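Below are two complexes that have chain A in common, paired first with chain B and then with chain C.
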Partner chain A sequence: MTHGASAHHRSDGPQAGHAGAPSHDDLVDEKIIVCYYVAALTFLTISMLAGLLVALQLVHWNPFKGTELLSPGRWRMIHTNAIAYGFLANAFLGTLHWAVPRLTFHKVFSKPLSWFIFGAWQVVVLSTAFGIVLGPTFQDQPWILALAKKWHLPMNLGAQGLEWGETPFWIDPVALVGLALVAVNFMVPIGKSKGPMYVSLWYFMAAFVWTFLTYAMGNLLPEYAVAGTSAGAIGGLFIHDLVGLFVTPLGWGLMYYFVPIILKKPIWSHGLSLVGFWGLAFFYPLQGIHHFLYTPIPMFLQYGAVISTIAVELVVATVVINFFGTLVGRGKEFFDNLPIRYFYTGMVFYFITCFQCALQVTFTFQKLIHFTDWVVGHAHLVMFGVFSLWLFGIMTYLFPRLLGRPWWSRSLCEYHYWLSAGGLFVMFLDLTLAGIFQGYYWSSLQPWDASTNGSQPFWITRVFAGLAMFAGLLCFLVNLWMTARGAEATDPLPARAAGTPTA
Partner chain B sequence: MSEPTDTTGGRGTGDSRGAVAGMSRRQAWVTAAMAVLILIPSLYGFAGKFVEFVHIYRGTSGGEFAVAPILNYLLASAGFFCMLLWAAWNGMFRDVEKPKVDFLENEARLDGGVRCPLFRR
Partner chain C sequence: MFESKSGIFFIAGIGFFLLAFLGNGVVPMIMYKDRHEQTVEEVVNKRVMAQFRDLAQRYPESFHNAFGEPTEEACAEALRLGRQLYVGEGCWHCHSQFVRPVSNESRRFGPVSKSEEYDNELQRPVLFGTRRVGPDLSREGGRRSNDWHAVHFHKPQVVSTDSPMPEYPWFFDGSPDKPNRRGIAVMTYVQWLGSWLDEYPYYEELAEVTGE
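Up next, the complex of A and B:
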C-alpha cells in the first residue's frame, strides 16, 4: 500500500546536499501509520453508529428495543470509549510516528515495539468493548462470584464506575503497560535530539508522562485506594485531565507541527507558544473538581478549580493569538487549503469551548446547566469539533503522501469537511439550547416528563445533525477506498482550489 | 519545486533591533504581557490554595477530602517545576525563537523537492 509512496520519497530525500543526514524513509515507518489510521477510522465508524443508536433511543425510535446487548445503556459507553481510545488515541499514535522522527531526526526506539504497541492497543480497545457489552451478562455467573470471594476482588467484569474510564478494571494494568511502552518508544528519540527543543516536542513529552499518570490516578486510586468524596474528586480530575493532559497536548503539539509546514511559515512567536505550554502545565492539573461544584468537596478546592479554569482561558488566548498571528498575510489559505481550513475551524471551536468552559464553571452557571444537555454539547464541541476535525485535516494532508497518489475526489473531501463541521455546529447549538431549556424546566420544579417532552424537538434535531456528521464520514471512507484502489479521479478542480501544492 | 520557506514569519528581519534575540519588539511585548497576565492570577490562586491547605492540615474539618487531589497536584507540578529548571539550565530558552526556524528548515531538507499534491489539478 505504501510502496508507491516510499519510492516517491526515496529519490528526493534530505541527503541531497546533506551527506549523512537521515532520509524520510530512514526515519518514518509509513505502513504503521496507515494501519493506525485504518484502526482509528474503524473505531470512529463504530462510535458514531453507537451515538446514533443512543440519539434514536431518546426520540423513541430505537430500532433494537428490548435487545439487551444493544441497549443504549451499554452503547453510550462504547460511543465515548471508542472515540477516546479507539479513534483519538489510534490517530494520534499514528501521526506521532510521522512527526516525532522527523522532528528529532531519530527513529522511534524500536520498530518491533511499535508494532507490538499497535497490536496491544487494539486488544485493549476491543477488550474494553467486550467488557462493557458482555461484562454485565457474565457478572452473575457462579464461577465469577466464587473467584471474587476467593481473591477478595470486586470482579466487576463490566464497566468501571468512572466516567470516561469505563475500561473494565482487569484491562487497566495492560493499558498502563501499553502507555509506558508508548512513552519509552517516543521519548528515546526525543532524548537523543540536540539543542533547544521545538514547542511540539515539549507538548509530546508532557503528553507521554501526563497520560500515564492520569490513567493510573483515575483508574487505580478510586478502585483500590480512596473512597467516597475523595474518590469523586479524583474522578473529576481524571475526566478533565484526560481531555487536558492527553488529547490537548498531543493536539496542539501536532498543530504547531503541521500548520507552519503547510503554510511554509514559522509560528508567529515561539516564545509565546512556550508561555502557552508552561501555562497549561501548571494550571490544568487541578481543574477537574469544577465538575463537582456544590458537592461536599471542600469549597477552597472548588474555588481553586474555578480560578484555574478561568486562568487557562488566558493560556488558550495566547495559543490562539499565536496561530492567527501566523495566518496573517496567508488568510487566503483558510479558504483554498483544506487541511488549514480543518485546523483553523478546530481552533475557533477550541476557543469557543474554552470560553464556554470559563463561564460554565462558575457557580451561577452551574445552577442552571448541571446535568443538562449543555454539557453534552460542550463535550461534542471539544472531542469532535476540535480534535476530530484536526485529525481529519491531518489525515487529509497525509493520506496522499502515505498512499503515493492524490485524493480520488476533491468534492468528497469538501463534503466531508462541510458535513462534519456544519453538522457538529448545529448539534452544538442545539444541545446548548436544550440544556438551557432543561435547566429552566428543572429550576421551575415542573414534573420530569415536562422536561423530557420539551426536549424532543432538540433531540430530533440532534439525530439529523448526527446523521449529517456520519454522512461526512462515509464520504471520507468512500474517497479513501477509491484513492487506495488507485481509481481515476472523478472531478479535477481548478488549480486554485487544489489545496496544499507540495508536501 | 516547492515555494521558498519564509523563515522570518513574514516580518522580515529589519524590526528586530533592540528586542530580545530572535524576537521582534512587538513579539517581546506580547509575550511579556501574556506572561504577566498568566503569572499574577496563578500566584494568587496557588498562594490561596496553599494557605487553605495548611489550615486544613492543622485540623480544620474536611481535610481528608482535600489531601488526595492536592497531593496529586503538588506531585505533578513539582515534576514540571524540575523540568522547567532543567530546561533553563540546559539553555532551552537562550535563543527562544531559533527552534521554529530550524524545524522548518529541517522539514524542507527532509522533503527536498518532493511534490505531492492533495488533489489532481
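Up next, the complex of A and C:
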C-alpha cells in the first residue's frame, strides 16, 4: 500500500485530527462541490430530455414537429455535449474538489480561482448550448459569409462539424483557458505533496494534461489547420481521446480513491495498478483511427489502431481483476452498500464495453456494424453504464456528508439504482441487436425504408428504456430535494449502506 | 519514474499523447501534404451550376430575393451557407458522407470514396460521419430533382412515407414552393455532393449540361 492511500485513511471523516494532518474543513470547500453537483444534475436532466426528444422523433412521436428551436437535429448535439461537458465535467470537477485536497493534504491552489473556474465552465456549457440551438437560425449574416470567404474557414456560429467538438468556435478559447486553469488549480496541491503519489493522483495528473491537449487538438486542427483525410484522422483521435484521456482516467482515479475508502481496505495489487495506468496511458491514445475504418486513411494506420485497441483490452482486464481482487472477502458489500454496488456495476459494464470494443474494432465486425445503432448502444454503455453510474455512486456517498444528514428515502436511492442500471442495460441490448439488424438490412440491398421500418420495434423499446433511466434520475432529484430541505428521513438507509457520516 | 510526478507528467501525460499524435495524426498529414486543398470557388462546377440555375428557374421570386442572379459567385456563397447549415442542423449525425468498400455499399450508393474527394474547404472538418439513420449523401447530387428536395425538406413523409427524418419548415416561407435563402443554400449543397465524380445521375435532363 502506498503512502498516499494510508494518508487519506488517516484523514477520513470530518473529525480527522491526527497530529500534523490538516482538518477536513481546512482542506475541502464543500460549498463548491454542492454547486458543481447541482449544475451537473441540471445538465444531466436537460441532456436526457434532449435524448428523449430524438428517440421520439425516430418513432414518429415527436410532439414538437416543425419547431425550429426544438429541432431534433440540434438537440441531438445538446444531448451529447451536455453529457460530456455539462454532466461529466461538472460532476468530475466537483468530486476532484473533495478528493485532491484530501489525498494531498493541501488545499487547491486558490479558492477564488476555483469559483472563477466554476463560473467560467458554466458559461462554456451554456454558450455551447445556445450556440447549437440558435446558431443555424442566425447563421446567415453577411459578415460571417464575408469572413468565411476571406479566410476559407467554416465559421459556424453554431455547432462545428466534429462530434463532441461541436463547441462553437467563439467559445473554444474560453474553454481552453478554463481547462488550463483547472490543471493549475489541482496540480499545485499535487506538486506540493510529499513522497510517492497514490494511484488516483497518477490518473488525475495525466488527465489534466491530456484533457487540455485533446481539447486543443480537436477544436483547432481539423477546423483551422488541416483538411480532408488527415483531418479525419485527427477527428478520430479527438473523439477517442475525449473518452479515453479525459473521462476514463478521471473515472478510474476516483474509483482508486473511493473503493478503498468505503471498503476500508487497500487496493489488492499495487503492481496491477501500475500495469493498468501505464498500459492505458500508452495504448489508449493510439487508437483514434479505429472510429474510421475502411475510410481513405492509410490502411497501415487503421491496422495499427485495431491492434492497439485489442492490446488495451488486456490492460483493462488487469484493472478490473485488481478491483475484483479488492472486493474478495467483502462481496456482501456489493449487495448492502449502495455506492459500492454502483461502482462495481459500472466496472462490470466497463468490462463488457471493452470486451465489445476488442471485437467490434476488427474489420470483420466493422463491415456489419459501422454506422448502425450498435455503436450508439456502445456509447451509452460507456457514458451512462460506466461513468454516470460511478458518479451516481459517488454522489450517493458524498451528498449525506455534504448536507450533513442521511438520505431522505432509502427506497428512492434503490429505485435510482435499479431504474438507471436496468434501463441502461435494456437500452444497450436493444440497440446492439438493432445494429445487427440494420447492418444486414443494408448489406442485403433492400430499400432503405426496410432498415428504418425494421428498426421501429427496437426504437420503441429504446424510448421506454430511456424513460426508465429518466425516472431513475427523477427519483434521485426528489430524494435530493427532500434531503436538502431537511425533511424527516422516512426510511433511512443504514449508515454504512448510504455512506452516511458516522459519529 | 513510474510513480513520480515528473514521470507521469512528461512521459505519460505529454510523451504518450505526442507519440500517438505523431503516429496517428502527423503521419497522414505528411503523406497528404502535397495535395492541393480546393476553395469553395474552385469546387463550383458545371453540374452544380446547372442545378443552381434550375433553382432560379423553378422558384424565380424566392431565388431572386435570396441570391439575385445565378452566378458562380452566388453559387459559391450558397455552397458555403448550405454547408454551414448542414452542419449546424446536425444533418451529418444521421447521414454519412463516405462510401465504404464493403457491405455492397458501392452498389447502393456509387463509387467507393477516395481521399482526394475530401481535399476541399467544404470538408473542414471532414464529414465522414459515424451513424446512418438515413442513407449516405456523398453521391446524392442529381439523384433527385430540386422539387423533390424542396418537398422533402419541408415535410419528408410526403415523398418518403415512413421516413423518421424531422421537418425543416424554416427553410421555406410557408410552403415548399417558396424556399428562402437557407432552403436554396441547403438544396444547392446537397445537389453539389458527388458532382465531382465521373458519373452524375440526372434525375431530369437539364438542357444546359446534356452536351457536357
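Everything below uses one rule, namely that the second predicted complex is superposed on the first by the 458 of 503 C-alpha atoms of A that agree within 3 Å, B and C clash if a C-alpha of one lies under 4 Å from a C-alpha of the other, contacts with A are read in each partner's own complex, and residues count from 1 in each chain.
One rule holds in what follows: a contact is a pair of C-beta atoms (placed from the backbone, for glycine too) under 8 Å apart; a residue touches a chain by one contact, two chains touch by 3 or more.
Because the structure is a prediction, the values reported are computed rather than measured.
Novice: For the combined arrangement obtained by superposing on chain A, do chain B and chain C clash, or do they fit?
Specialist: Clash: chain B and chain C overlap once superposed on chain A.
Novice: Can A:L237 be said to touch chain B (first), chain C (second), both, or neither?
Specialist: In the superposition, A:L237 touches chain B and chain C alike.
Novice: Give one of first, second, both or neither to describe whether A:T42 is in contact with chain B, with chain C, with both, or with none.
Specialist: neither
Novice: Thinking of the overlay built on chain A, is A:V226 touched by chain B (first), by chain C (second), by both, or by neither?
Specialist: Both partners, chain B and chain C.
Novice: On the A-aligned overlay, A:S443 touches which partner chain: chain B = first, chain C = second, or both, or neither?
Specialist: In the superposition, A:S443 contacts chain C only.
Novice: Who does A:M77 touch here: chain B (first), chain C (second), both, or neither?
Specialist: second
Novice: Is A:V209 in contact with chain B, with chain C, with both, or with neither (first, second, both, neither)?
Specialist: In the superposition, A:V209 touches chain B and chain C alike.
Novice: Of the partners chain B and chain C, which touch A:P285 in the superposed model: first, second, both, neither?
Specialist: So A:P285 meets both chain B and chain C here.
Novice: Considering only the touch criterion stated at the top, classify A:S127 as touching first (chain B), second (chain C), both, or neither.
Specialist: neither
Novice: May I ask you to decide whether A:I307 touches chain B, chain C, both, or neither, giving the answer as first, second, both or neither?
Specialist: A:I307 contacts chain B only, not chain C.
Novice: Can you list the residues of chain A that meet both chain B and chain C?
Specialist: Common interface on chain A, chain B vs chain C: 196-197, 206, 209-210, 213, 217, 221, 226, 229-230, 233-234, 237, 274, 278, 281-282, 285-286, 289, 296-298, 301, 304.
Novice: Across the complex, what residues on chain A touch chain C?
Specialist: Touch list, chain A to chain C: 2, 57-60, 62, 65-66, 68, 71-74, 76-77, 132, 135-137, 139-140, 144-145, 148-149, 152-163, 165, 190-191, 196-197, 202, 205-206, 208-210, 213-214, 217, 221-223, 226-237, 239, 241, 245, 274, 277-278, 281-282, 285-286, 288-289, 291-292, 294-298, 301, 304-305, 366-368, 370-372, 375-376, 439, 442-445, 448-449, 452-453.
Novice: Can you tell me which positions in chain C touch chain A when the two form their complex?
Specialist: Against chain A, the touching part of chain C is residues 2-5, 8-9, 12-14, 16-17, 19-21, 23-25, 27-29, 31-32, 35, 37, 39-40, 76-77, 80-81, 83-85, 87-94, 96, 98, 100-105, 107-108, 113-116, 118-121, 123-135, 160-164, 166-170, 181-182, 185.
Novice: Could you list, by residue number, the parts of chain A that touch chain B in their complex?
Specialist: 8-9, 12-14, 16, 18, 21, 23-24, 27, 102-103, 105, 195-200, 206, 209-210, 213, 217, 221, 226, 229-230, 233-234, 237, 260-261, 264-272, 274-275, 278-279, 281-283, 285-286, 289, 296-298, 300-301, 303-304, 307-308, 310-311, 314-315, 317-318, 321, 326, 328-330, 338-339, 396-397, 400-401, 406-407, 410, 413, 489, 492-495, 497-503
Novice: Which bits of chain B are touching chain A when the two form their complex?
Specialist: Touching chain A from chain B are residues 2-10, 20, 23, 27-28, 30-31, 34-35, 37-38, 41-42, 44-45, 48-49, 52, 56, 62, 64-70, 72-73, 76-77, 79-80, 84, 91-104, 106-107, 109-121.
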